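Chain naming follows the written order as A, B, C and D, and within any one chain the residues start at number 1.
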Amino acid sequence: MPVTKLLIANRGEVACRILRTCREMEIPTVAVYSDSDRGAMHVRLAVNSYPIGPTPSRESYMRVDKIVDVAKLSGADAVHPGYGFFAEDPEAARKIIDAGLTWIGPSVEVLEKMGDKVVARGIAQRVGVPVLPAVYEVNDDEALVAKAAELGFPLMVKPVLGRDGKGMRMVRTAGELRRALPRVKGEAIFSFWDERVYLEKALVNPHHVEVQIAADAHGNYVYLWERDGSLQRRFQQVAEEAPSPFVTPELRSKLGEAALAIAKEINYVGIGSVEFLLDDDKNFYFLEMTCRLQGGHAVTEWITGEDLVRWQISIARGEKLPLTQEQIPLWGHAFQCRINAEDPDKDFAPSSGTLNYLRTPAGRNIRNDSGVYYGWEMSPYYAPLISKLSAWGPNRELALARMHAALSEYRIGGVRNNVAFHKALTEHKPVLKGEYCTNVFRHAWWKQRGIGPNLKYAVAAALFEELEMEERRAQQPSTDASVEAWKRHNKINRL
Amino acid sequence: MPVTKLLIANRGEVACRILRTCREMEIPTVAVYSDSDRGAMHVRLAVNSYPIGPTPSRESYMRVDKIVDVAKLSGADAVHPGYGFFAEDPEAARKIIDAGLTWIGPSVEVLEKMGDKVVARGIAQRVGVPVLPAVYEVNDDEALVAKAAELGFPLMVKPVLGRDGKGMRMVRTAGELRRALPRVKGEAIFSFWDERVYLEKALVNPHHVEVQIAADAHGNYVYLWERDGSLQRRFQQVAEEAPSPFVTPELRSKLGEAALAIAKEINYVGIGSVEFLLDDDKNFYFLEMTCRLQGGHAVTEWITGEDLVRWQISIARGEKLPLTQEQIPLWGHAFQCRINAEDPDKDFAPSSGTLNYLRTPAGRNIRNDSGVYYGWEMSPYYAPLISKLSAWGPNRELALARMHAALSEYRIGGVRNNVAFHKALTEHKPVLKGEYCTNVFRHAWWKQRGIGPNLKYAVAAALFEELEMEERRAQQPSTDASVEAWKRHNKINRL
Amino acid sequence: MKRTLTIGDETHELEIYRRRGKLTMVWDGEEIPLDLVKVEPTSYSIIMDAHSVGVNIDRVRTMDPDLHGFRASLYDGAYDFTLQDPHKTLLASAMARAKQAGGGLMKALMPGKVLKLFVHEGETVEEGQPILILEAMKMQNEYTAPMNAKVVKIHVEEGMALEISAPMVSLEPLAAE
Amino acid sequence: MKRTLTIGDETHELEIYRRRGKLTMVWDGEEIPLDLVKVEPTSYSIIMDAHSVGVNIDRVRTMDPDLHGFRASLYDGAYDFTLQDPHKTLLASAMARAKQAGGGLMKALMPGKVLKLFVHEGETVEEGQPILILEAMKMQNEYTAPMNAKVVKIHVEEGMALEISAPMVSLEPLAAE
């Protein structure tokens, strides 16, 4: 399938990241933008840019029909969905393909199968990959509560057509389950137009590990090692690393082979991630498959030296994988932090506003994938991602030290952000030791206790701003005639 | 020797680069600054900062006595000279060491020996490494002209105590030599307080290749492959890459072994580069040794994954080298461009002024080492370096494509710069093919011919600025009283 | 210039002044030489006690316009605090006291010069209506009526210099309707 | 608004206007819709003909204050050019012609209103000395004496509206000493 001009049906950091590969491959790019994204970085970096509607993504970035129109208008012959939006929606993929465009992603059939988490479990079981005990035959609340007792608590309630952690909840008692069911179903309908849920046995201290796989149209399959995605909050990853400090070389091959068995069973073509939960004894269980480029792919790119978007494009073109399994490098260690405009001290509430200062880290083996710039207005309509900061080192210790140093350089003005939170993360003992699981954020250990040691410096700068303001004020003449002017400029004391 | 607090006796990009390693190693840093560098990036990034005098570097950065004073004052127990300034000056090293400080660099004896290029040639010859025929016994002009005839033209006239390409000239006839001698001697006295020169046979289409070596105090020696430094103009490198596209694996080991033989002969401890000239038949000749961190070290760091400043510090501490020769990786390919404030269309004349815009490239495997920031004033007193931009790829083709894409993203306002020149370089056939030698810039093939295809875009933005200015002007009242104000603001047509 | 710093439960009395181009910060009475330059639009490089620290300042809106809110970002995290002109604090609390006491005599709360008089004797004024402007400490201090009242007597005229506590205007409170 | 573009040996006649918030650029007579936003202090995002191009503008000083110098940086390199108000070009060349002809009658070079008259009849003026200001096209156009001369006759008064070529001031050149 041709990819001679690529439409990127996304925005922000991932759109910029895809754009950069296209620049290297000399493929012209087409960006799309909603009303509030006219000045966005992805629009500025693209060769062509087209408006696709109002700010809410359901009226712009999610509108496959508009994307197809822009593709026709611009002469693009391929569409990359990025991640999020309609990246894993089989209907969207079908519409793109039916319009005669190359879809950069797995087939409609694969998206349909893996989109249904119950079907996906069945596929894993069919090829002998373990799954956690589950209940999915019934959807009636009371029947589910009754079955839950057989399964045993704690357990997870999940939408059957769920993805990206949306709607998932953990419950510890029948009462919690009863209260959770209507909520999960409600969210499932809102997000996925389907109210079916299922129950799955929850592990106590699980490790979340995902294996990156790639497959071409010629029956070649490889895995590009795993990422550890256990550093998550509410089933959303806040940081990731590769390789996983919990995975031994033997386990690595087992996980890789299990991932490929599933991919082969469904004739997967493209890149994707097979996700597993691991218990403390290193038993692993298939969780689901993410059928797109992942938000954590940078760490895989660091340790392999490969460009996964280039792989996606070359697979879509019908080319063979560039490397065999034996040729895939495992080079050092990489860590990634998701830098968000949010307040870690207030339950990570998103923060919007203008980025009135931005100093991004630089230097050796630092990568900052971003879709923002100095002066950009963070919109409350989209994910509050400022950048994905990743660091590589020849070993885990050096990768972490480099990330820690990079975070010290990162300075963001105008919005609350989680840079200090990530810095605390890279100082957190379990993280330094590589001994953490998905419950790492259960207690808010990162909250600043007391006032930092540099208070005098912090205050000196503010005090200086006050002085400058007073000095400017003092330079103005204080005649009778100026009273009105003072009033106008609010430089008057009202007593 | 202890390195518990490190004074960085340098400025700009290299000071920031050293600082970043110290941050990772949790070594507190001491920066020094001249009068015009109070707000410089290295001052902002350091833990402690001290003024050391007026802007001209001979009155500040070159003043070893002031550096020693600051070390005492700040409690620093080690000094890193960076490159340039007094990095290779044995007298400076002696003063630092005599003050009881750890000198991050090779010994005074090594600096003395290798600083005298004639002595260095002798050392190479002693261990069987070929050198080019030369004349160094005499310093009288006419005697040199007479000897030159025996040697044959073209040949190089070089200061005996020269370094960094300073003063060197190529001559093709006896007349050129006669005219060159007083100039080279003059520059030699000015820069190195020594008027001795020597003549060395010049190769016709030479390749400049330097081998990175490292040695600890325990007698361990390794080489970290070579860099190709042939992309040079007036003996100054403008770009470099590693490994060299001209060097075969067999030649690589030969060069490495030759470099180590020289290092062992002088009991070298530290990191350094042994420089060779290669002719078209891949015969190599020892040129000189650079006894410090090199400006091109980033490409070596990319292909080995190692941090050479960390190596320097650990060697100075008396630790053993972290890797044996067999463990040194050779991973992919890296390319570096030196981004300067200069005008490539006007013989690379330096440009000074305020950096009123700065967008640096980002993304996968891009490294931008810089000491400037948006709003920084480029001083005519220092090297006009804006940044060293390097890119890595799993192979040479991808590294170059990545560099090319990165250069397209790089945008600098306020000063003339060589970004477009470097972009042309990464499109230049001999560079793409890896078939170039040091004469690559003999013809100015990079000069823009005619007007680019995006003239309308370029002009539209300027036209819009004019429109906005007119609109602001139109809003002002045009009463008689305002005439004077208009005059003041130069908004009057003088006919 | 003086400011009261409030951060968390702490307050500190600060002062900053510039003499012959050199800045000094006074922190609860302790003088600290301050080497500070603005390096980027909201970013400062500070060298204090030889320590070099970069500080990025965000202004944070507060409910009280006299309370200046700041968020300073440093390498070790962010600091949220407010700075307030202690004179204003003083004046505001004095005014609040005067108002609560319901007294009819407006006095100068600090030494200054009467810049503008807005009322004349016999006039009735509403609560919050401007009475006069007293220039003091390089600030224009607008005195407003603390209640609905009648202006009984004016003790000053424009341009007059006043000592602290000098009587300015006598008011007779009007009964609420 | 019109401008004359000069780049290398090329010149183009340009115009830009804003109607109902939409920008149009006219390039040698061809109308081109222009979608342009300022994204950073000196940086613009332009979408023209669906092509998205980022342009960074540096102003470059020129000898002639009416000649606005620019350096525009794009992904494909930098463009150096000047923009000039064609009216000014016209006026300047007309003035130059008038000066060369040595004619003693100053005429209005475009329709406008006399804003200010600096001389009176019988006065002697030096070359370059301001004679009057004529407001035209939203600009204050200052007419200066093209040579050392005596003001023989003034044909206008302040506030008077003039047609193009209306006589303004008659000068009698003084012989060079």
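Descriptive notes on the structure:
One rule holds for everything that comes next: a contact is a pair of C-beta atoms (placed from the backbone, for glycine too) under 8 Å apart; a residue touches a chain by one contact, two chains touch by 3 or more.
None of the values given here were measured: they were computed from a predicted structure.
Set side by side, the interfaces B-D and B-C show unequal numbers of C-beta pairs in contact, with more at B-D.
Among the other chains, the CA centroid farthest from that of chain C is the one of B. Averaging Cα coordinates per chain places chain A and chain C 48 Å apart.
For the pair chain A and chain D, the distance between mean C-alpha positions equals 55 Å. For chain D, the set of residues that touch two or more other chains comprises 40-41, 51, 54.
Each of the following residues of chain B touches two or more other chains: 45, 359, 373-374, 408-409. In the complex of the two chains, the chain A residues touching chain D come out as 31, 38-39, 43-50, 73-74, 373-375.
Those residues of chain B lying in contact with chain D across their complex are 356-357, 359, 408-409, 411-414, 420, 423, 448, 450-467, 470, 473-474, 478, 480, 483, 486, 490-495.
Here chain D touches chain A in the complex through residues 35, 37, 39-41, 45, 47, 50-52, 54, going by the rule given at the top.
For chain A in complex with chain B, the touching residues are 16-17, 20, 23-26, 45, 298, 301, 305-307, 329, 331-332, 359-360, 362-370, 373-374, 392, 394, 398, 401-402, 404-405, 408-409. Touching chain B in their complex are the following residues of chain D: 1, 3, 5, 7-8, 10, 12, 14, 16-18, 23, 25, 27, 32, 34, 36, 40-44, 46, 48, 51, 53-58, 65-66, 68, 70, 72-79, 81, 83, 88, 91-92, 95, 109, 115-116, 133, 135, 138-144, 158.
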